[in-house]
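Below are two complexes that have chain A in common, paired first with chain B and then with chain C.
And now, the complex of A and B:
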């Protein structure tokens, strides 16, 4: 089909070392990453995690799609930083470091801003690496080996797999309505584009449930999978090392009371102002770009 | 009346020269240097296997895709310089699945959507919708919800919603998919009538009997190129061409090719044609068929 609205986070087929790691081992790492990211406030740890995830990308051959998927971080991250500088999420008193127009900039929130950003960046990058290198079926096959009920697996799998289907559907519907002269923006475009999508979705789910039941979905017995997933010794090593390292660091962080090193780092007023200007510019740049795109015919 | 105003760019309804299309993702060539000239009022069919470039070609015609090389001029307008919405008054595109475009609360409102989008006055919209309703025989359904009518009627509503915009060029993608014999027959007749009113009709289809029956010219596509452009009779009689493209001539044409053609008979495109020839040879009149196409 023409409107290949390729999902930015779809799996990128490949046979790299990362691709071949057992999905459970990867899942351990992702979960470990999230736990560690939210139990520490140490920016060195957080950005090392992000860097590590980033380094996996060239190994897996997914650098370009990963960076594309990570673009979502630009508006999120820049708004986060900018907000923390003008309205720190720490207790007053705040120390003003500069003024831009009506806005007073404070240095107190910037560390916390970087922590928040680091958590998101680290977790998202590793999660993207995992999603982009793991066939959904493999993940669910592995999960069912761990005795996760297959109906639950199926629901997860369907949710993931239907997204590209619907994206394609939306593409076709938008093409069809544009061919009828629909302007493709504003409120007038909502009904013509969404009614067919929803009706199509409901019909699809109905058909799916009928076809599933006709193939014995819900019957008892052990489910097997067409795709075989192996757990090699190396997978065990990766999984266990991940669990120990990330779990250990999390425990250490919690023991150190979030391991906050903000007192060791002094951000110069100039750095704060520059960071604010850059992040605010990026954020408004993204907003303006989105407005521009929506206004463009 | 149609809004056909062939301007200085080309007097042809469709003028495609050296058009190529390469999908931005993965450098897949979907169309490799295609030339196609169609005069106003022609009715043509495009055939070819899946992936041969049929849909890409038709999407170039209404600007959904822009050629990566070459030019596509439709109704005198260069599609590369216009948005799909701007092309809408010039070329109508009926998508294969009517469910992909129907959304309004009533068939009537569905038909009004296109004409309103291209900025017609309310009076003009009313006239065109009434005309489309009449043309497609939708009188009994105008107050119905488009999703509550049967699939064949939905298909007609889909086509009518495009025809109500009175595009001088109409593209139909697989009009007979999922339709019963009767509806296919109705769509056939409508295509002919539209042509008679001066509309240029482009029909993409795998339904060879439909094309044999209704089009005057068949474009055969294979591996992103046009490899034949001739009358249905010539195309369907060309066994090597059919074999090369993995296409199958209508059964009646196959039978004619194996029986009456070697005897000097016609390359029949319809059962009636073959029956007439056999009747002539045997001296026995063919039994009248009630559903004879015509």
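And now, the complex of A and C:
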């Protein structure tokens, strides 16, 4: 069982200009992106944000892993568009543009479908750029400078360290169970895989807890970090520009009442039908592929 | 005569919480539960299971440490997932928090962990509550889509004339019931295997083999499926 490739999103080492930006400045951009994405319904703004995030990938040298990480959008994106075409999340009356079998397709929901998809794509792409170009320890050191409690930082950092450990151990335990003739898939394999991994981890963290206690974890005083993160003037500029630009656009969107431009964009019935067929085919293709994988020995 | 100090006895003034578990142990246990939540989903897909199993760590922490520690695990799970795969999972922290509070208070205050039927009922309550919280988030953030096979079910309910929120609720309750009941009983098996120092003050029934539970889950899911299909057809006829 190959569990190693299950979590493809991790830091890609490098020394690009994006890698060297202070994690707090990057965090400002990610938070600003999420705020703007959820305060606007302007698809030009949303897809420009996605394009900007995508353009950062070649600069950081992470184009391939970024696109691989963004693949998780295929099933959700395709089903989102298909559902919005058959049941728009806008007020009735809806305008029918075609029928496929028992399904009536409506043109009203496609704009909102692209808005929802744009929000997810834009936020995800920039977040992936940040995650792939930032060392987790640098991020947590920066967060502690922002007065985030070090206990919380410790817990998040330890979680990120434990995930690959758990994945590796599940692989080892499943291989061991299979070598004893036990099933390697299905519900009968759930307890033999979950229980040893978790109980083993608990026993190890009991020792870690004693170690932390003996080193005075929780005591008062200044906490130091092995990795030092410094903010250069350029980082300040990037952070302030991001906060002003994204904050300003968010405020403008809210002032314009979500800045919806659906009345300016007309989607032809043919476009709606073709989009539905492509997205539904893509979604069912992914589902059938997953079913095929689960049935394959 | 002097007696040797007992190594495990807490020192006077050492920091213990209400469960008599040292704070440092809680600080290290919580990441384990969070990591289990995140990896649980990947284990489920590796075992080719049709459920998510991504709240087992939440259930364990809520039952063993307390409901609000479980809620923290829920928040960190979605926060950690956001660091790994983007911020789209952040709103679902609410679902994790609700699940943690019901599991925690259910076992520790309402005594719903004393017998297998009670614990089964508790998991059903968790599933329903999680769906009530998750369905509006799925509609508002993802336009009703989740990206998994349940969307086909949502599409089917829409095709017979049910509205989007009702369709998402109907498909989500089916997956949630299976997921939370199985997840709850996996958590029960793990809790039984934990050191007694962690579970001494919890009034909870011994774990049971999953086979019987799976039959009960299948029965519940089929029963609920009949109800939601009936409601969807009625909604379609009156629309």
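Methods note: the second predicted complex is superposed on the first by the 287 of 297 C-alpha atoms of A that agree within 3 Å, B and C clash if a C-alpha of one lies under 4 Å from a C-alpha of the other, contacts with A are read in each partner's own complex, and residues count from 1 in each chain.
Note that a contact is a pair of C-beta atoms (placed from the backbone, for glycine too) under 8 Å apart; a residue touches a chain by one contact, two chains touch by 3 or more.
Only a predicted model underlies this, so the values are computations on that prediction, with no experimental measurement involved.
Colleague: Classify the contacts of A:192 with the two partner chains as first (chain B alone), second (chain C alone), both, or neither.
Modeller: first
Colleague: A:178 in the overlay: touching chain B, chain C, both, or neither? Say first, second, both or neither.
Modeller: In the superposition, A:178 contacts chain B only.
Colleague: Examine A:200 and indicate which partner it touches, taking first as chain B and second as chain C; both and neither are also allowed.
Modeller: Touch status of A:200: first partner only.
Colleague: Once the shared chain is lined up, is A:76 touching chain B (first), chain C (second), both, or neither of them?
Modeller: second
Colleague: If we overlay the two complexes on their shared chain A, which of chain B and chain C does A:272 touch? Say first, second, both or neither.
Modeller: Neither partner.
Colleague: Quick check for you: in the superposed arrangement, does A:116 touch first (chain B), second (chain C), both or neither?
Modeller: A:116 contacts chain C only, not chain B.
Colleague: Looking at chain A, which partner touches more of its residues: chain C or chain B?
Modeller: C
Colleague: In the superposed arrangement, does A:49 touch chain B (first), chain C (second), both or neither?
Modeller: neither
Colleague: Which chain A residues are contacted by chain C in one complex and by chain B in the other?
Modeller: Residues common to the chain A contacts of chain C and of chain B are 6, 184, 191, 193-195, 199, 203, listed in rising order.
Colleague: Quick check: in the complex, which residue numbers of chain C touch chain A?
Modeller: 14-15, 22-25, 27-32, 34-36, 38-40, 42-43, 45-49, 53, 56, 60, 76, 79-80, 82-88, 139, 141-149, 151-152, 154-155, 158-160, 163-164, 167, 182, 186, 189-190, 193-195, 198, 210, 214
Colleague: In their complex, what parts of chain A are in touch with chain C?
Modeller: Those residues of chain A that touch chain C are 1, 3, 6-7, 9-10, 30, 34, 69, 72, 75-77, 79-80, 82-84, 86-87, 89, 102-103, 109, 112-113, 116, 119-120, 123-125, 127-128, 131, 136, 139, 151-152, 154-156, 158-160, 162-163, 165-167, 170, 174, 184-191, 193-195, 197-199, 201-203, 205-206, 208-210, 212-213, 217-218, 283-284, 287, 290-291, 293-294.
Colleague: Could you list, by residue number, the parts of chain A that touch chain B in their complex?
Modeller: Touching chain B: residues 2, 4, 6, 169, 172-173, 175-184, 191-196, 199-200, 203, 297 of chain A.
Colleague: Give every residue of chain B touching chain A within the complex, in rising order.
Modeller: 23, 25, 30, 55-56, 59, 62, 64-65, 83-89, 92-93, 95, 97, 99-104, 113-114, 117-118, 147, 161-162, 165
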